[in-house]
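Next, two complexes with subunit A in common: one pairs it with subunit B, the other with subunit C.
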Partner chain A sequence: MNYFDEIRGQERAVTLLQNSIKNDNVSHAYVFLGPSGVGKMLTARAFACALLERDDEQAAIYFKDGIHPDLLIIEKPENKTTILKEQISQGMEPWLALKPYRAGKRVVIIRDAHLMRAEAGNALLKTLEEPPLYAVIILLSDEQNLLETIMSRCQPVRFFPLTEPVIEEMLTGRGIEPEIAVRAARLAQGSFGDALGFASGGEIPHAYEIAGEILLALAGGEMISVFDAAEKMEVNPELITGMLETMLRDLVIYKHSGRADSLVLPDNLQLVQALQDQVDPAKLRRALQQLDELRRNYRRHVNALIISTNISYTLWEALQ
Partner chain B sequence: MNFSIEQKDLASLTNLVYRAASNKNAIPVLAGLLLSVDPESGLTITATDMEIGMRVSAKNVDVTEPGSVLVNALYFHNFIKSLPAMRINLQYDKETAKLNVIYGRSTGFINTYRDFEYPNLPIDKMEDRITIPQAVLKEALKKTAFAAAVTHFRQVFTGILFDVKSNGELKVVASDTHRLAYFSYEMEQAISEDTKFIIPQRTANEILRVLDESDEPFKIAFNENNVVFYREGFLLMSRLIEGQYPVYEQVIPQSFSTFINIKTSTLGEILERARTMPGDDSLKMQYIQLTVANNELRINAYSELMGELDERVEEVDIEGEQDQKISFNTNYFLDAVRVMQTESEDIQLKLSGTLGPAMIQNPANEKYIYILVPLRTSN
Partner chain C sequence: MAYLALYRAWRPQRFEQVVGQEKTVAALCNAIKEGRLSHAYLFSGPRGTGKTSIAKIVARSVNCEQQEAGEPCNQCSSCRDINNGNFMDVIEIDAASNRGIDEMRDLREKVRVLPAQGKKKVYIIDEVHMLTTEAFNALLKTLEEPPDSVIFILATTEPHKIPETIRSRCQTYHFRRLTGDEITNRLQQAAVTNSIKLDEEALLLIARRANGGMRDALSTLDQVYSYKGQDISKDDVLDVLGLVDELYLAELVDALLAKDIPGIIASLDLAMSQGKEAQHLVRETAFYLRDLLLYSVMGEKAQLMVVQKAALPQLQRQSREAKRDMILSALRIMMETAEKLRFSEGNRFLLEMAFLELAELFSGQIPAAAKPAASAAPREKKAVPAANPQPGKSKAAAAKGEADPAWNRILAGVKEKRVPTYALLAQGSLLGIKENTMYIGYKKGFNFHKEKMQEKANREILEGVLRDLYQKTIELEFILLEDEQYNDIVVKKAIEFFGQDMVQIKD
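Then we have the complex of A and B:
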């Protein structure tokens, strides 16, 4: 069985990993680097299955349930915001000290490795410096914030944002209405995970409505409307911010070209026409950049309402 | 599948293996016992989780129809255990996928897993057998396994080392770096080359459960990753611990300054009393201090919180240097004394200075050595 079949749009990574198995040139540690929701975990699982299956003919019995005696997946505990040092020193280390049970390798996948703090990173370093021969450690990281000493001991494998058609196809493949799929794919900025979240939550139309209201309110409002806007965003801050971003972009584009067919979201036309007299493209472009930086904070340990307030304020200022 | 067996025989088989089945429900089939019957090999029961695997078999069954079923380990064991002692008949009904159990004029049934796939125990390519009497293996593990660390950043210390020399010497060693238990045995056969492997503590405890005092031979086979302990009708497979075990011989002192002989029971009682003293804040463990002076031995346990115990040991025989004070972890000391209590009236304690490792031994048996590292205390 080819476990890599399900992976879309990451041909480079997949080829590299498949070749390393074929040429028996598997590294003891990898870092899968790339935005969230583009297939890092799926690829890591596929790679692990392919590696373990080489020596364990009956590996499929275990994989059916997503586990294997020689596969360990480390994830951030549900009620925590980081990967804990104990998960490395008391979870992974003793596990790796036991020799393989059925396969020739033992694979550890550390999901969201970017959530490791320095202590956990240093604990991991101890193993990375002297891994057992049979160990394969795969770190999945959404951000490039791993310790330099960790990076230098791992083979990097890059993952890229998916193209919109690929995301659309994957969404429709899961039975999502083509119309919603198109919109979700546009808003997700290359992340299938986000696209799926947007599309299956059924929130897109509602969120779109809110985003439009927020923009209009900010454009015509006093500074106090910033707080109103931020509170409205609480429904789904990331999705609404994504929508606000496309709206700003469309505003800039329409201002320059005046063409309705170059809009990211065709639905934006009415809004764009309503606002275009009062926008300054230079200001908007600056706001867009700030927005992009601010929205990343939703994934960190920052109060979402504070980020939303900042975003609203940036928008308000840009629209004056 | 259809076979008959005595209830007590089946219950003792399931009692051996059911614990090897997984109690986490991650993979449903691993919570099961695989029962297979066949007129030639009789009944075989297999259980495995993610760590160890066990297989037991019995010939004293009447097989009417061969076959195999997978049943939930815990329920099956509890059910069989509770049946009256009599010959019982087990029949698999293909249509309902139930295993009917007929005992006397009563019947019960157990649901089975349909169309299951059960993983084999990965025990092919095993070689390098060594054979030792069951009683010796039992003694070796019982006297050493407890000394291994429960957790240690050097994982080899959580296991028990089997160090097999080509001339037939077998050494079984466990240590948590504060103490070391060492058992040696001369095997009757030589092996092709020196070999070492480290088994996890859980494996040692599981084997201890099945061993008895007989001289029946027990065999050990291993490959790169796994080890198998087996005898007629029983097999236990376990993973090995990776890593280089430190050179333990260096830890065993060769010369001593003071030799103390005490009655094992006397020392045991004193240590039990000393154990009632809680550890204090500076040293978070319970400890005793031994004072050797004027051909007398005093044992002192002090707790700021609780009080103090000061014992003069009667019937003690001291040779060598006097005027020594040395402190030990009470529980670690007691562990050794408990081992000795089963075999010797006297216990020998050899000291090599206040901070040098001490050796505890049965004076009549040099096969077993317990090394205890003293504590550094302020007084």
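Then we have the complex of A and C:
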């Protein structure tokens, strides 16, 4: 069975990896770069399986159960926020020093490599430069803040945000209604993981309505409306913030271009036309940048209501 | 034989194969020839410039059985063993994984043992900047006077992290970035050996992108090779690296200059749908703007990064249209955006907003100079007390209601030195200065503050500030104002001190 078949929308990466196996020029280290939820881990597994399968016919069976002796996956420990140096120097290095057990290669996958701090990253350098000949190290990274010295030792494989049709297709393949799939795909900006999250809750139409209400209320309201808005966002803060961002973006773009076809969500048209006389694009732009920063806090240990209030206030101020 | 990445296959094996770094190579080669090798070296320089490679050559050369003119033979058993990593006396230490004091103590013990197999023990300590302070200090003594048979080679990309005491014990060689020509030549050799056909523009593009690092250049080549096979054109390189063409950038900047917003959005859409990343687009645009700036300053002499031939006419035209300060501001916006994009998920919106901002900038809606305040307001610096108010006039000045600015200056000066003292002083108020004595009053209930201020430590701080401000020593007198009618008392006291005609009451 070929695991590569499951991967969607990353033809470039898949071709690159498959070619390297076919032409027998597999590099000793790869770094898979790209946003989260676009198939990096899936591809890494497929690649690992393909590598191991070459010399070990039963690899796939072991692989399916996740117990292949020549595959090591390093992830951040559950109760920590970073990948530790010990995981590299005590977990990976001795493991790589042993010869392959069943297959011809030993494969290490380091998931979320961007979570490595400077110590862990530096500990990796030496192994990464000249690992044993049978070793293949794959780093997966969402953000491009890996050390430069790591990047220059690996072959980068880029993963791209998925296009909307691909996400739609994947979503409908999972039994999600096409109408919702379209919206989720647009909102997710290329990440299937996010799209699935948006779509599976079934909250999209409801959230969209709320976002619209909030924006209108803030645009016309006193400062007190900020608190009402924040409370309304409680339903699904992250999704609603996403919606608000698209609305802001559409407002700015429409204000500049005056063309309906440049909108991200066609549904926004009515709202955008209603508001566009009273907005200052420069202010909105700034608000949009701030929103993007604030939104990240939802994933951290911060009280959601406080972030929502902050977001509402930013919006309110921008709309004055 | 398993496939070796190009940068590993092309690691130089002899001094004469090293690209660039002529002085370092000559110095080391001669030292080996004449047996004048020092006991400790520090190699510093950017990645991919040959630090580890040269360290390995040195290690082989000193242990080689048939060493000739400083070069290792790479044939004898020592050389072979070193190449395979089986040689007992060449020890490569990864300082990043062994960064603690215990590992260094261990090393110190082992340094004493004589070489078992070769002539010299060579310790190559890579990524040495990652050692902890304790580890560095533990190493100091050994590094200063190691046994005769030991050579240390420390290599690092971040020399500023190495303590002075370590640096002064080593001979330091700084490795410079390689020039475009050096990289192109080596790339060409590698391509020919692997029968890769690389066209001129592709070659230049890879060399420019490598930013002076040979490893980057070779691994880019490797990457394009494994994706596209043996015929490599410029488009292949762009495609694999996720970069955009210079013409695309030129058109994008044209659209910016023309403030054609639908055009900009459409261009960005196109690039995104082809799978280009927002971050790359921003960086490439920044490179293009840099080229534009450079071209407008230097003309034909400029060394351009992204623009080769195709977009040159457009660049020439744009360099006449765009003002320099605008390009500079635009560059700043692009850099800020790139920084934001690193950690952002909703990157498409940020990208669009940044370009809209640029469009407005170029069309002159925002004055270029005022720009930075909009996005990243620089933190305001504390008002520094203006030096030297004239003491001669201070009496009159204090009385004419200008006491407040002077007082504020004093407070600010104290705050800069010690915040607790400032807190004590701020509760008081300046009554006035008379004959080199400054009177400071405290309201009832603030006796504690007064007494604290009278303590030597706090008092000296205030005196220091006053000396700086007035350029002479001023005595201090603290007064506790008894009456609750504080303001009245202040006035009364002031009148008492200065006489009726000098006091003006202000609300």
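Going forward, the second predicted complex is superposed on the first by the 241 of 320 C-alpha atoms of A that agree within 3 Å, B and C clash if a C-alpha of one lies under 4 Å from a C-alpha of the other, contacts with A are read in each partner's own complex, and residues count from 1 in each chain.
One rule holds for everything that comes next: contacts are C-beta pairs under 8 Å (C-beta built on N, C-alpha and C of every residue); 3 or more make two chains touch, one makes a residue touch a chain.
Because the structure is a prediction, the values reported are computed rather than measured.
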Side-by-side fit of subunit B and subunit C on subunit A, or clash: fit
Which of subunit B and subunit C A:I61 touches, first, second, both or neither: first
First, second, both or neither for A:N19, with subunit B first and subunit C second: second
First, second, both or neither for A:P69, with subunit B first and subunit C second: first
First (subunit B), second (subunit C), both or neither touched by A:I253: second
Touched subunit A residues, subunit B compared with subunit C: C
Partner chain in contact with A:S89 - subunit B first, subunit C second, else both or neither: both
Shortest span in Å between Cα atoms of subunit B and of subunit C, once chain A is used as the common reference: 5
Those residues of subunit A which subunit B touches in one complex and subunit C touches in the other: 89, 93, 134
Parts of subunit A lying in touch with subunit C, wherever the complex brings them together: 12, 15-16, 19-20, 23-29, 35-36, 85, 88-89, 93, 118-119, 122-127, 129-130, 133-134, 143-145, 148-149, 152-156, 158, 160-161, 163, 189, 191, 194, 242, 245-246, 248-249, 252-253, 256-257, 259, 262, 281-282, 285-286, 288-289, 292-293, 295-296
Complex contacts: residues of subunit B adjacent to subunit A: 26-29, 50-51, 117-120, 122, 151, 153, 155-156, 158, 200, 224-226, 239-243
Sites on subunit A touched by subunit B in the complex: 56, 58, 61-62, 65, 67, 69, 89-90, 93-94, 96-102, 132, 134
In the complex with subunit A, residue positions of subunit C that touch it: 2-3, 5, 8, 47-48, 52, 92, 94, 96-99, 126-127, 130, 157, 213, 215-216, 219, 222-223, 225-227, 229, 239-240, 242, 261-262, 265, 272-273, 275, 277, 279, 340, 342-350, 352-353, 356-357, 360, 366, 374-375
